[in-house]
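One structure follows; several queries about it will come next.
Letters A, B, C and D name the chains as they come in the text, with residue numbers starting at 1 for each one.
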Amino acid sequence: MSSEFGKLLRISVFGQSHGRAIGVNIDGLPAGESIDLQELDAFLDRRKPGKSPLSTTRKESDAPIFLSGLEHGVTCGAPLCAIIENSDQHSSDYQELQDKPRPGHADYTAYIKWDGHADMRGGGHFSGRLTAPLCIAGGIAKQILSRHGVHVGAHLASVGDVEDLPFPLRPDRSLFDAVAAKPFPVLDDAAGERMQALILEARQHLDSVGGVIECAAVGVPAGLGAPMFEGLENRLAAALFGIPAVKGVEFGAGFAAARSRGSQNNDAFAVEDGEIVTCTNHAGGILGGISTGMPIILRTAIKPTPSISQPQQTVSLRAREDAELVVRGRHDPCIAHRAVPVVEAVTAAVLLDLLLEGHHGTF
Amino acid sequence: MSSEFGKLLRISVFGQSHGRAIGVNIDGLPAGESIDLQELDAFLDRRKPGKSPLSTTRKESDAPIFLSGLEHGVTCGAPLCAIIENSDQHSSDYQELQDKPRPGHADYTAYIKWDGHADMRGGGHFSGRLTAPLCIAGGIAKQILSRHGVHVGAHLASVGDVEDLPFPLRPDRSLFDAVAAKPFPVLDDAAGERMQALILEARQHLDSVGGVIECAAVGVPAGLGAPMFEGLENRLAAALFGIPAVKGVEFGAGFAAARSRGSQNNDAFAVEDGEIVTCTNHAGGILGGISTGMPIILRTAIKPTPSISQPQQTVSLRAREDAELVVRGRHDPCIAHRAVPVVEAVTAAVLLDLLLEGHHGTF
Amino acid sequence: MSSEFGKLLRISVFGQSHGRAIGVNIDGLPAGESIDLQELDAFLDRRKPGKSPLSTTRKESDAPIFLSGLEHGVTCGAPLCAIIENSDQHSSDYQELQDKPRPGHADYTAYIKWDGHADMRGGGHFSGRLTAPLCIAGGIAKQILSRHGVHVGAHLASVGDVEDLPFPLRPDRSLFDAVAAKPFPVLDDAAGERMQALILEARQHLDSVGGVIECAAVGVPAGLGAPMFEGLENRLAAALFGIPAVKGVEFGAGFAAARSRGSQNNDAFAVEDGEIVTCTNHAGGILGGISTGMPIILRTAIKPTPSISQPQQTVSLRAREDAELVVRGRHDPCIAHRAVPVVEAVTAAVLLDLLLEGHHGTF
Amino acid sequence: MSSEFGKLLRISVFGQSHGRAIGVNIDGLPAGESIDLQELDAFLDRRKPGKSPLSTTRKESDAPIFLSGLEHGVTCGAPLCAIIENSDQHSSDYQELQDKPRPGHADYTAYIKWDGHADMRGGGHFSGRLTAPLCIAGGIAKQILSRHGVHVGAHLASVGDVEDLPFPLRPDRSLFDAVAAKPFPVLDDAAGERMQALILEARQHLDSVGGVIECAAVGVPAGLGAPMFEGLENRLAAALFGIPAVKGVEFGAGFAAARSRGSQNNDAFAVEDGEIVTCTNHAGGILGGISTGMPIILRTAIKPTPSISQPQQTVSLRAREDAELVVRGRHDPCIAHRAVPVVEAVTAAVLLDLLLEGHHGTF
């Protein structure tokens, strides 16, 4: 087993990019939660391709079909399974790749692991398309969390060297909603323009570019998570690395903390309106793996799309010799902007799971 | 449960810094493995404090007592439990902290989670001291891995802004051994001198400084790990964030990948002596969560030690008002160099766990 | 999460009896395994109702639709999801039950757990119908196991007080096949006749009757399973109690062992053709949770179908007062004979999971 | 890993019978719970041997030493590790057994699993002695449960063919306390006398005898447990089969249900003082894996002690030929009566774990 995560809320993703359907099974959702399907569709739309020259021209229908767990729009306690049927597949594009693994893709490692039996058409089970079912799960989690005062939002922190503004010390739901409503998910639209120019320039050069996504969760009560290996950081990172192309995860100041001093990095505590808060949030809302009550702040590094149209050096698995490859098909010059809702989705799912565990530190 | 990780190899850490003993229970170790206790002691020595002005003057005895699982120096299949008895504790230093949580520490979050019942003397269960039992587990894992051709090594990649050289494309065991034998674990001793100067300068200013640790594992066969949520990155990150003070984890190029182009970041495949390799290793030996056969490369960000001797702003939990705190006791101005073997230990334990699962992609 | 089991092979069941579809997601199947779909259909047919007066007249189409994980009849390594669409539902039969929980059913407990939101039409997620996806998973596991020399078979050991013969000391595949081919799954057809008479008699009295299923697995190598909580007995029992109506599980002599003496119950070891065997098998092939190499023998107690047509005393949840209930709809007077392949399926799935873990006691 | 169970409350048992110490690590205990150590000692005394001719004359000191997790008698949130040092070992008794596995013991299966490296002195990690740390965990769980209105008790339901009375429909704490205070844990002392006579008679014949333990838990709220594979039955059975010598587990009517009719076995619902109850309890307080609010009732079959002093047929592993064995050492002619508190302990631990998960069916 491997395409599952969660403890009390267990999320299993299945499907190959060009198989019959992809989907998700969510076991452990609380019963009696209304799911607004329009709101869910709007959320799924945020990761959909085919909307602009910034992404692949593939059209993907992400319309979820609910097989179980949802009756009259309300969760019934039983596992919720939703699928998305596949269509608009150009499997012929992938013939050559069975012999010549694409650099930067899982073609080779899947070939080794599954001894040549992997169905890698369209990236198979490793395709970014599998993030659609993740978004179904996360979109549902986001709705439930919101009802309980926890809001999750994200923006594109950088593309290549172009940086967006960081989240303010106390982002809130309205800021998340505003970013989500934008065609390009940034705080600073001028930076967003420069990012888009960079993406288009990469496309022109038959190249691709990476980016960083910053995600925040507000309303998380202090005391969530547990020491050592079941902390917020452990659980979030374990799930976030499941998003294809994520190569780094950091919390709060993250790698920048390694370059700073204790006197700068420590967040002073203060009493504000009777609540204990921190004056800065280099900890990203997490100390000892446990939430402080301040916003949870994390960033994930998304590598540049490996599918580029330049000729690349690879090997022929059959001939066991060097070979050249030109990847065909319709690919995104950048997936970081489309991955923004995916990071939200995974973050929300993990937080809901932890909240369902409850404040079990005491009885 | 929270202080445990692993799947077939399950590692449970227990103890509080000033309790009777700390220890580790390792369930699932293969039987019949000789453990060289001198080699293990030498490994544990690498994280021990009290050896230089670069670390706390506390003397910690890290001599493990084996309660089970090891007979005549050979694992017997039953769970291996080893403990370290506590001593040289100055618990009185921690009286004030019960009311005034230290900025940057888990004092406050543990207080909330356990409703005031946490034993936080010396940092309690959140103390860096808990990395000693982790090193027992990891030191044992390293010995078993080595016997099977997998070698794990690490160095201090940076302290503050001072950077060591990165690992070469193909580090090997002799390089790991050379770094491990040095009093200060860097590749470039000149950089090491500058790092040490920086640490001492921080100490003089009653401050502390963070750093980055780079870890490599060589000899890992291609095909280890599984897609989405049980990949090498997921499993390693989940465990590495269990090391106190880790705030970021990245693999291969990591966050730098987010700033690069696909044409740069993709690792070309090539056939070398009949083996399939990659010409660069921006992937850190992992594609789709699965090992490529190239070295596994990861980096962890270690925040500056939060215990600094400058006056800091905090709150009084009882009075629920702002307060000032001067942390007393003997603290490290930097823990990144001492954490180097800990990162090796955790990495080795996760890899052994995954190797025990075997190449189960096919029967 | 709750409707999942397994460790490296993870089986998740979803669906409600009268929802859109029921199904199973199997994560961790080895790649490259051919699945004979005709053989699978024949296996699924064994639990299908509507074939005789011994079972409900409901017609259930159990034709699985494979959404993922199976390409050209061969497993591809990715999770295998298969669904069965629902039809022939008489949901109106269940209106009254929303207020009046059926004695012996999960109506009341699901109502409490999910605070009135459970979809209990046709038994909802608790329905015996959910054993169809279990049989898909188990039928696949049986085929893979057979290819590796492990064969699983079962028979109806008793209905009410009528007992079949027990399995011989060394049952084999041909015996399993012979029983599976019979319309009524017993070793002794005369006993089978008496059982069927008893079932029909129960039906005539608007009553139902329970039974015991005995299951065997041969070809399991010695050394499978692990001490204390991950033994064969723990893992098998945990999964077998997931079959609706199972109220007891025993291995080897089981409860009869509690009435016997050590001198009778101990299985003498002997060398037979160079192999170490036991002369009897009161241990059911399991000592210390670990397989001996002898046949695994287990029995499960199946309670009488709770849905009987006699008037029964229950309560009105709304009025919170006593009430009478006459269960309508088409129900089985006995489900033990239909549960025979289900017990095989679950046993096979658990054994495949354990075999995938491998003989990891040593490296 | 294998000697662990639990989900939010994780219990890991370690040690070999003749190793340096045995122990338990309990991760996930709620903080702030006072543990009455005298009450715990009294509980541990109930399983201790050496008190009468009914059990082995070995003296075992079961005095737990708390290494962590308990400060001033109160749980502090961190993992609680307790050990018992070993003494009074006659390891020489076990020399011969390294070559000649005892019938009915794990000697042979451990030898195979761990390739000859198992430490099987005194039964090693498979020894009944490992139930002492289980009782530490369970004794602590019992105290916490009691404080929350859940009480667990057990009695010896049968030894050989001699049966005790069953628990009444509604056993209570005072009944549990009364049985626990008796030197021989039965409801009907006359039956207890006959059981003891039977045990002594078995001992005289150099034989041993098995028994059945019935356990009840009262005060468990309705709605605990979850459908299919995380139900009370699944979780309890998985843990109970971890007790050495348990070969069967049943709930409520259990195997007797398989011999009865639906009209008998169904428990009618009724309203009693405004509460919904069942008039009988053949379900053992569990429907669909979820608690009904009625007492949880379970029974475990304990096989006769395999260590008997009669000559037995076994094999020589080295010579790979048949051999005779006379087991020496001091063994119990029956362990069922000593296992009564162990069944209570495991049941309590599982229930506490489930209660910590909370009623998470709804948010």
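Simple rule for what comes next: a residue touches a chain if its C-beta (ideal position, glycine included) is under 8 Å from a C-beta of that chain, and two chains touch if they have at least 3 such contacts.
In this text the structure is predicted, and so the values were computed from the model without any measurement.
Counted as hops between touching chains, the shortest connection from chain A to chain D is 1.
The greatest centre-to-centre distance from chain A, using averaged C-alpha positions, is reached by D.
Two chain pairs are in question, B-C and A-B; the one with more C-beta pairs in contact is A-B. Our note on geometry: chain A versus chain B, Cα centroid distance of 26 Å, whole angstroms. Mean C-alpha positions place chain A and chain C at a centre distance of 38 Å. The geometric centre of chain B is 45 Å away from that of chain C, both derived from CA atoms.
For chain D, residues that reach two or more other chains under the stated contact definition are 1-4, 7-8, 13, 28, 31-32, 77-78, 110, 113-115, 117, 125, 226-227, 361-362. Here chain B touches chain D in the complex through residues 1-4, 6-10, 12-16, 19-23, 25, 27-28, 31-32, 65-69, 71, 74-81, 83, 110, 113-119, 124-125, going by the rule given at the top. The residues of chain D lying in touch with chain A in their complex are 7-8, 28, 30-33, 77-78, 144, 148, 226-227, 355-358, 360-363.
Those residues of chain B lying in contact with chain A across their complex are 1-5, 13, 101, 103-106, 108-110, 112-115, 117, 125-126, 130, 158, 160-161, 202, 205, 207-212, 222-223, 225-231, 233-235, 237-239, 241-242, 244, 246-255, 257-271, 274, 276, 278-279, 282-284, 286-293, 301-308, 310, 312-315, 317, 320-322, 336, 359, 361-362.
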